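Right, one structure below, let's go through it.
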Amino acid sequence: GGGVSSDAVKVGVILPLTGSEAMFGEMEKNSFDMAYEELKAEGKTTIGDKEIVLMYEDDQGRQDVARSATEKLVNQDKVAMLSGGYSSACTNVIAGSAQTLNTPFLIVTGSSDDITKQGWDFVFRGTAAPASMYTGAFWDMMEKVVKPQSVAIIFENTDFGTSSSKGFREECQKRGINIVFDQAYEHGAIDFKPMLANLRSTNPDMIFATSYVMDASMIVKQMKELNFDTKLFVGNGAGYTMPEFYQNAGAASDFVASTSLWVPNVSWQGASEYYEKYKQKYGKEPDYHGAQAYATMYVIADALNRAEDLSNTGIQSALKDTDIQTIMGPIKFVDWAGFTNQNEPNTYVVQWTDGKLEVIWPEEVKSADYVYPVPKWSER
Amino acid sequence: MEDAWIKFGQTVICGILLGGMYSLIAIGMTLIMGVMKIVNLAHGALVMVGMYVVYICATNYGIDPYIGMFIAMPVLFFLGCLIQKYMINRLVEVDSILPENQVLLTVGIMLVLTEGIRLFFKSDYRSVVTSYSSDTLYIGAMSISVPLVIGFIIAMAFTFLLHMFLTKSDLGKSIRATAQDRDAAIFMGVNSSKITMITFGLGAALAAAGGSLLLPLFYLFPDVGHLFTAKSFIITILGGLGSTWGAAIGGLVIGLSESLGATYISMGYKDVVGLVMFILVLLFLPGGIRSLVKR
Amino acid sequence: MGILEARGITKRFGGLTAVNELSFAVDKGEIFGIIGPNGSGKTTVFNMISRFFPITAGEIYFNDRRIDALPAHEICKIGIGRTFQVVKPLRRMTVQENVMAGAFLRTRNISKARRKAKEIINFCNLDDYRSRAAMGLPIPLRKRLEIARALATEPVLLLLDETCAGLNPKESEAAIDLIRRIRDTGVTIIIIEHIMKVMMGISDRILAINFGKEIAMGKPQEVANHPEVIKAYLGEAYA
Amino acid sequence: MLRVTNIDVAYKDVQVLWDVTFEVNQGEFVALLGANGAGKTTTLNAISGLLKVKKGSIEFLGKDITQLPGYKIAELGIIHVPEGRRLFPEMTVRENLEMGSLFPEAKAKRKDTMKKIFEQFPILEEKQYKEAGTLSGGQQQMLALGRGLMALPKLLILDEPSLGLAPVLVTQIFEQIKEINNEGVTVLQVEQNVVQTLKMCHRAYVLENGKIYTQGTGEKLLNDEHIKQAYLGI
Amino acid sequence: MLNKNTLMTIVFALVAVALPVIIKAPYQQHILILVIIWATIGTAWNLLSGYAGQVSFGHAAFFGVGAYSAGLLTLHYGLSPWWGLALGPVMAMLIALPIGAIAFRLRGPYFALATLALGEIFRLMFLNMTGFTNGAKGILIMPAITSKIAYYYIGLGILAATLLVTYLIVHSKIGYYLVSIREDQDAATSLGIPTTFYKNLALLPSALFTGLAGAFYMNYVTFIDPDIVFNLTDISIMVILVVMLGGVATTWGPTIGAALYIIMGELFRTTLGSANVLVFGVLVCLIIMFLPNGIAGELDIIKRITQRKKAGLSGGV
């Protein structure tokens, strides 16, 4: 298992640095580095006479490669613990191997519900919510504001898309909301209009969509082209909260709401500082993926500093005792609703206005009032 | 009833316009694979590089994508020529057990192009938003995207030009001749290495044109090419190797099948419908659409 | 009774009728020649017998069994071997392997096939080339290789399409000798050839066709003197 | 006009030609004879640049063409009608002919030349819009010859032009070649139709096992005992 | 007959059996296991595409179905995924039948692209039939064994079986027939070879072993989803790369190619940071440009020239 070499505390970080998910890998790596430097300045990267060292490995977005990376980090580099994990597929594999190899693994992004439902006690998920839980705050808003009779669900047929729409679907059924349209699509399409035309004829009160970055903007742009009015369009995080969404969709992004795990102007301490600093340092805006990595680095440093010894079990129990405030809110690893070592996520509902993402729910932390129902295209 | 017809009309319009887009991207492939018989897995990557050229023109110099196309095309022509001259031509000249070893080379080229671009531009999603990106025409309740219509028209124009080029000009004929019998073409005084070089260059330039026209309504990242490579293959084969109009019609067939599939089956199955259509055509028309149109 | 009988066979390619209601019968053990101007449909007749494409109309009988609906590989199995006018060697295989590929039709055993191939290669005077790859052989040798390959399938009836083309007169003699020796082993042969010297010297009977139709049929001398054959095929020089 | 001096040619490591030397003068009709596999085709391919020579040199009109690429040699006026026709099977008959006339001079006269060829081979006119691959063997041979003539060559290299032709056409084609030669085109021909060729040509070379065995006028060789025995089987 | 070839085989086999004893580090053993998996798929692909010349762009279908057979047994019936080693190859062969029936009616590039389309159809079906396959969520299992050595020897057994069966096929009458079909299908037909039948005879074992490799992969990697095991680029095309790098239509080519692909890829990945795929791509280009028949393929040619030995079955080492 995870032994430790004498002069360094090695932390293996597995991210997609090449391949189609590399954009997020890059953002998360940058954020790790940024947090590391801050911690270093505070002297929190040295434990006794040992320096924390981050060892990045590229998983290329492929789970067999993720497996190789895990094997290498644990068996060859003898890391003290693992972190990273972007896609659910890779995270699944890293988590499984980490558990088998008795090495603590702190997940950054991978959000498939199943990962923390296996009872794996070496696997921790702090900054990422289980996919089906992204909608926490939104259900509150649904009850109090939206009160839809009928909803339509569209989602990309990926793990994240299927898991999160499944959660939403079950919740709808529980509350007796009528699902009039429910369809998956393959991401990367040029033309969503046939699906949208079909959807329009079912006339839902509200649309709930889970999409990859650019599909999100393709969908809202084409709704605008179709003059397709709906009282509320809600994205499920992911594509709908990223800066690129607005850059590509432009005016079509107005009034699109979304669930979110994080926004720069959320009231947690350090959030907006992180956002500004990142933008300055790397020349572009980070989104919640970056925040996840940044916060995770803080959790790691905290746990390592508290650990009684730097053995695998020592770090494991230090992680278990985590209670820390981060830019993503408080993080604790608890067992609940079938989950193991899963932080209870903070979720928000955000809405685009003029290219700005405003928090509209929960009301305690809102940065702007919600707009509901949204104006018709013809009236904008 | 009324509603159902609108839905159908919208679906068909979308299918045809989408098909036009597919044809546009497949047209360079028609030249490289259909005529030259080089299975080029780097095709999508060439489309992608072309898009980046247009992107740079648009963001750094404020050049409209439709004009940027005329910069991207020569750049990609040049790139294509280099690839053919220094890499693929080497393989054409040796006798290998499976001629598909070219495939492997193009896989390598694809990796190099994709990752090379990533090194420079990172993996960020980029897009060029123009004033007309979302322009829409309406026929009753049916909407028609203007950039798609432009793309469609240009696709058909390119198909026509390519067809004329291949059948009417000596250079075009030399291209076909070289593909069919390299040595015999040399006997006729054709500089076949130069011809293959130009052909690949032209194919790459057409790929760039496809990318340029797509950019105003789509988006860009280093792996965007993967979305198009397999589709271009399928369209080229569907059309019948070497047939320009066949490929154009093939694009429309795939576009329509996907669109109808998306509306009447499910968006998740739209690609399945396109692929099944492809296989059906091949089984019942073994030479592709070409056996109907005949050059 | 004929070993092979064609009754009114017809082949159309689109608008073109390449073979038009042609009937003929080949006797067991004879060498049966087919001549005709270029494009008159000779190769097409071979392709119809060996079922390389379906025939448009008519019937073909082999040993009184109707065979025009059998798949191409079955045709070989029942004892009809062929060569191609435009040679089709198995390029990257050696001469020996080419012939073995034929021999495997009648045996599964590799050493048996190898032994048989050796015999046939020797019979066809190809010993010098046995381990050469087929793609390096000049065309006339490839044609001889095709004969050898077809012989290895132990045919009862052998269809030879211009196997003497590209041979000088001396070499043709060797080829004629080979064909005669094949016949002497009991194989019936249908041969297409444009070199009249070969045709006249070797065929028992000749069928002359033009536009896919019979114009003459009979002993070589008779056919050669047939006015229509002279006009359409031989030219005045032969008159 | 064409001077081949001491060339050696090999396929990979198998040498096929040894020290082959011969020349063709302006306006001449020269035949190259030899048994199967003697190296005739190889010689022609070496001249037209398809094969590289290991040693020796080839000159055309006083210019060293040994190292020139094939298409440049064609540009100089050496047109090779190869063994086995080598047509462009998926192009029409007409397009095949057009491919023969790519050089400016030939292109300028394209229509006229084509008309002449259609007169000589009416079947080609009839089939001009058919794909070359669907022609019968003999028709393909005519097309190959026609395609070569379209280039208005200075030196026409023919590799077994009568292969697969009906007797009536063999006679016709030989007459046509003679006529072309009379019009001033130099001809270098490989033929297995030894008698007719020797009767027509000015001079002939005999190639045996990759070496020039003898040379002489057609008449002389026709009466040569060795030739009679080895090639005519008399 | 203890010729050089058998000798080499024995040496190879001994080294392969001894390797985990020499290389004890689990990480390196993991790499070896990946090499074995890819060598198996490569060898299987080689039979259909290298020897019989039917270039498949859809082998991911067999790999995926093999992997899912193992995964679905666990998901639906709670059986050990090891049963997949029995079911996977059978299912792969079952889907090979219709695939062959469709694709073998086509030739050359039409065949290749039909297999590509069929492969993609399987991916999309498995992605969308969420009730049956779990869709994009994939299937996660708990590994039954933790020792790498056990996996290594099981994998090695599979590879050995694949190599042996391929070798026996290729060096029998069937092998001659397959190569004949590759070299000229019309000529093959004229020699009485029922080409479609023999193509199927190559396809079925090819599918079988690819499916077996898929089932083993599921057991080893413990997680699958359709985008991974049915992936066009990462499976169908990479197997072509593996075989062509190593040497098409050679016995050891696929294994050499697999070793190169995995070891180079891993070496670059761990040392070159985000430029690793770029460098790998450059290497692929260089190898194929300078060794167009792959490593074993070119060695074979070199050997033939220097030894002047009478050629074996063309293309065979």
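Think of it as A, B, C, D and E in the order they're written, each chain with its own count starting at 1.
What we mean here is this: a residue touches a chain if its C-beta (ideal position, glycine included) is under 8 Å from a C-beta of that chain, and two chains touch if they have at least 3 such contacts.
Given the structure is predicted, the values throughout are model-derived calculations rather than measurements.
Visitor: Using the contact definition given at the top, which chains are in touch with both chain A and chain B?
Guide: Expected: E.
Visitor: Determine which of the two chain pairs, B-D or B-E, is joined by the larger number of C-beta pairs in contact.
Guide: Of B-D and B-E, more C-beta pairs in contact link B-E.
Visitor: Provide the C-alpha centroid distance between chain A and chain D, rounded to the nearest whole angstrom.
Guide: Going by mean C-alpha positions, chain A sits 74 Å from chain D.
Visitor: How many angstrom lie between the centres of chain B and chain E, each centre taken as the mean Cα position?
Guide: Computed from C-alpha means, the inter-chain centre distance equals 30 Å.
Visitor: Could you grab the centroid distance between chain C and chain E? Build each centroid from C-alpha atoms only and quote it in angstrom.
Guide: 42
Visitor: Express in whole angstrom the distance between the two chain centres, defined as the mean CA positions of chain A and chain C.
Guide: 74
Visitor: Out of chain C, which residues touch more than one other chain, so two or more?
Guide: 92
Visitor: Where in chain E do residues touch at least two different other chains?
Guide: Residues 124, 127-128, 274, 277, 315 of chain E touch two or more partner chains.
Visitor: For chain B, write out the residues touching at least two other chains, lowest number first.
Guide: Chain B, residues with two or more chain partners: 97, 115, 118, 226, 266, 268, 271.
Visitor: With touch defined as at the start, can you tell me which chain C residues reach chain D in the complex?
Guide: The contact residues of chain C facing chain D are 13, 35-40, 43, 85-86, 136-141, 162, 165-173, 194, 196, 232-235, 237-238.
Visitor: Would you tell me which residues of chain A are touching chain B in their complex?
Guide: 18-26, 154, 157, 183-186, 188-195, 197-198, 201, 213-214, 217-218, 221-222, 224-227, 244, 247-248, 250-252, 284
Visitor: Okay, in this complex, where on chain B does chain E touch?
Guide: Its residues touching chain E are 33, 37, 39, 41, 87, 90-91, 94, 96-98, 100-101, 103-105, 107-112, 114-116, 118-119, 226, 230, 233-234, 237, 241, 266, 268-269, 271-272, 275-276, 278-279, 282-283, 286, 288.
Visitor: Residue numbers of chain E touching chain B in their complex, please.
Guide: Contact set of chain E toward chain B: 49-50, 53, 55, 102, 105-106, 109-110, 112-114, 116-118, 120-121, 124-125, 127-128, 182, 232-233, 237, 240-241, 244-245, 248-249, 274-275, 277-278, 280-285, 288-289, 292-294, 297, 315.
Visitor: Note which residues of chain C are touching chain E in the complex, please.
Guide: Listed in rising order, the residues are 50, 52, 71-77, 81-82, 84, 88-94, 97, 100-102, 104-105, 107-108, 110, 113, 131, 133, 149-150, 152-153.
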